[in-house]
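All chains are identified by letter, namely A, B, C and D, in their written order; residue positions are counted from 1 within each chain.
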Amino acid sequence: MREVAMVGAGMIKFGRYPEKGVHELAAQAALLALQDADMTMKDVELLASGNLYQSSAMIGQRIMKEIGQTGIPVINVANACATGSTAYREAYMAVASGAYDTALAVGSEQMGKMGLLGGGGGGGGGGISPEGIVGSGLMPAVFGQAGVEHMRNYGTTEEQFAKIAVKNHKHSMHNPYSQYQVEMSLEDVMNARTIAWPNTLYMCCPTGDGAAAAVLTTMEKAKQLTTEPIKVATSTLTSDPYTERDLTMPDVNTLTKNASKLAYEDAGVGAEDLDLVELHDCFATAEMLHYENLGLCGEGEAGKLIDDKETYVGGRIPVNASGGLLSKGHPLGATGVANICEVYWHLKGQAGGRQVEGAKVGLAHVIGLGSACTIHILQK
Amino acid sequence: MREVAMVGAGMIKFGRYPEKGVHELAAQAALLALQDADMTMKDVELLASGNLYQSSAMIGQRIMKEIGQTGIPVINVANACATGSTAYREAYMAVASGAYDTALAVGSEQMGKMGLLGGGGGGGGGGISPEGIVGSGLMPAVFGQAGVEHMRNYGTTEEQFAKIAVKNHKHSMHNPYSQYQVEMSLEDVMNARTIAWPNTLYMCCPTGDGAAAAVLTTMEKAKQLTTEPIKVATSTLTSDPYTERDLTMPDVNTLTKNASKLAYEDAGVGAEDLDLVELHDCFATAEMLHYENLGLCGEGEAGKLIDDKETYVGGRIPVNASGGLLSKGHPLGATGVANICEVYWHLKGQAGGRQVEGAKVGLAHVIGLGSACTIHILQK
Amino acid sequence: MAEAETQGKQVKPILPFLHISDNPDEKPYLAGSKCKSCGATYLGARMACSKCFSTEPMEDVKLSDKGELHVFSIVHQSAPGIPTPYVAAIVDLPEGVSVRCNIEGVEPDPKNLKFGMPVEMYTEIVHTDRDGNDIMAFKFRPAK
Amino acid sequence: MAEAETQGKQVKPILPFLHISDNPDEKPYLAGSKCKSCGATYLGARMACSKCFSTEPMEDVKLSDKGELHVFSIVHQSAPGIPTPYVAAIVDLPEGVSVRCNIEGVEPDPKNLKFGMPVEMYTEIVHTDRDGNDIMAFKFRPAK
């Protein structure tokens, strides 16, 4: 396996684009990433497209019809919320394997009015959905419960979860790509209506459309293009191992713990080496769990980590400098590529008002239920 | 890139399984392939799942919940009719890259009543579908037109197209995995009702559910498992290059011609070395075109090839010994893996009454519109 | 229920692993399967053991109707048409199986729910389908 | 058509590249775009040139309403609710663009269609949408 470098990032502001086709959003992000890499489709040898709700609609090929058709292999992937990062991994593997020199990954999604209440539920007997009658398979409940498990284990409080949302909304003020840029007080967050306890409205990611893209190439080529190439130190993907309770209660913890262990090993980097983390805060409760799952603090210490504001930009280990999904929105297929772009911009010193100064190593984490977890570590 | 071998094949009889979940069909095929390879999920390091209509339903992970959860990377792919073969290619790349020793590819589909009339069409203005008002984007028309283009260029006749269906239905009589096993005369085929001229009902693949799976591993490991390892000599994937008319009329020819050129180069094998071919006969007209696209005969000679019965089992170059999609059915995500399994069984001498004697090199071809073409060449 | 049956109508489970006997005197129960090789127990059926990969047919087991509350959430917004609020909980059964369920019989407020509290399963007809069949669901409530 | 407009209702194209002018005297036409770098011409718009990758904004072109029949199929079975049979054709326009369309004005039988025969475009209102807008489609017929 060869060393792989990221040489281009592109993203459109997340939001609502009902008048556009999702392949147009995707093509726009792709053009931005290619431009950033000073390339065109002519230079691209493989295209991987991630889109969830329209995963069967050949979005990858439709992107090429918009911006350049060269006959290269195109792969359309789907992996729940990790769809975009799985596409990124396809591009990574294409280059790392030695089969292709340059690959383009594009993540896109048009959410319509579905949001995270869509999917889940599942078929019941006799044409009635079991949703809300025998519990809940929907994301808000699942991540509510996951947070409550942390409360049970460590005495974590509602206020601590809310503080995470306060931080991310504050960070978003400096991110022009974020769907929402609204600063909120702890009271604003805690007094908002509850969606699924302990998460209130502002502790849940909003629905939106979006697209993001990345250009990957060999380290050798990257060195010809730039004096400061960004290395993709690992591209790790895991699924659920067998665990007793997982068969009923999606085990977001084991999945991420396994992935981070593998990723740190593969990258030869530890949690202590990270300068910033973009992690999957689909709900405020999720971010709390992942502090520990990613080893940013010890088991049971996540509440203290946010109390001490260590995960703010300027703190010991800034998390979701972008504003996170809580502010940016979460267009499923786009998210995984977008959070890698964010890390890339910090390492390139291009993150504007939210820049983590001197960032040299960053981690991007995504988890999709059902389940898939990706971790990418970029390194200057 | 390392040499890759196929060491297990599994497939369920294509047909209707309305009472089952598609992940159950997929898991059944996966178990059969693992059994064939004398392995369990414990030995598998990466799983690639191909399913089109339920591409966002995490079928790959659901297969593992049914047969063994080990936390390995799972990738769900979609690529129109080439969905299954794209999953196979994922498994191939995983092993060839050196990253994984053993990978499992599973293709599955539950077609319901959709068939090839589903999809296509596309959104028009004002909430009305343009289908049938401004032409047709549906498969039967597209492949009708592609056949008519061959008539225009070479004077090919309706009867010659029909002869292809006669051959494939005859072949199916020896394939227990085929959804239909009904021998038909030229009159039966030609007198059936027209679906989209020049294809009649029996010249169109039927709708059905199905699943197929394959186990790939390093050549090194394969040699420990068997004295006659089957090498995957190439796994080639292409998309549409720019051609003038393709933007309106899907160019099924250029796509396949490019893929076969690349595949023969990569495998170091020519069309003249092939002992059998499983190609994408979604319609009888399609098989005719692909005779030339794959170089089984010269340009314009495809009509003569079927007139001379050269593509029958026992002929110079047997095509679709399985009965092809015309008899087997075409569960979109399953097809691409199933036709590789068929080639595998011939090379292993396990194809029963339809066995191509002494087969040493075989090619499996799939084309999905929109567009993706895969070619796999297996070699004993 | 007995009436519906006499008319050719049936009582059907909301999820396949809720076992309803033909014998009206037998209480419905959650059906599990237990791997003969490693003992891992599953809610409903599996084609092979997810833990040890054994393909030997599993043993059918009748799961306990008593368990304890592991965790929960109070859901205030759900999919369109789903009445809220409700308690969405995970209950651990003594066989080593967890089950996703609603907790009824308490106001849906965190203060009414204690981690580890004993709960018991009961069933209820929640719906009549298009063909007139009664749909039976299982729920949990604080154990008496 | 003019009436519908007075009532605030509109004539809308069935596909975005059918251009309908505000001026009722101007005939609707198929709109294309032409790459300024390589001359490749597209039906409708493209973000960049599919052939040469140029991102320079393309030139709008009005495509000819006369072309020739490249190939066709006679469709006897289509999606539910679509009337059959019809001629599903590919027509080549002189600008180097092909267009998918129905051929009207002939019985849908292969013997009535000749490869390369001249055809011409016309438009027709085929539907009125929920808001009362007329939906205009383009069709081709043998050229007079």
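Going forward, a residue touches a chain if its C-beta (ideal position, glycine included) is under 8 Å from a C-beta of that chain, and two chains touch if they have at least 3 such contacts.
Keep in mind it's a predicted model, so treat the numbers as computed, not measured.
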Farthest chain (mean CA position) relative to chain D: C
Chain pair with the higher count of C-beta pairs in contact (B-D, B-C): B-D
Centre distance in Å when chain C and chain D are each reduced to the mean of their C-alpha atoms: 57
Distance from the mean Cα position of chain C to that of chain B, given in whole angstrom: 42
Whole-Å gap between the CA centroids of chain A and chain C: 34
Residue list for chain D, restricted to those that touch at least two other chains: 50-51
Residues of chain A touching at least two other chains: 64-65, 68-69, 242, 247
Contact set on chain A toward chain D in their complex: 24, 27-28, 31, 40-42, 64-69
In the complex with chain A, residue positions of chain D that touch it: 46-51, 53, 55
Residues of chain B that touch chain D when the two form their complex: 117-118, 120-121, 124-138, 140-141, 144-145, 147-149, 152, 193-198, 242, 244-245, 247-249
Contacting residues of chain A [partner chain B, same complex]: 1, 47, 52-53, 55-56, 58, 60-62, 64-65, 68-80, 86, 90, 93-94, 96-99, 119, 237-242, 246-247, 255, 258, 368, 370-372
Residue ranges of chain C touching chain A (in the complex, touch as defined): 12-16, 40, 42-43, 50-51, 70-79, 82-84, 86, 88-90, 92, 96-102, 110, 115, 126-127, 129-130, 133, 135, 137-139
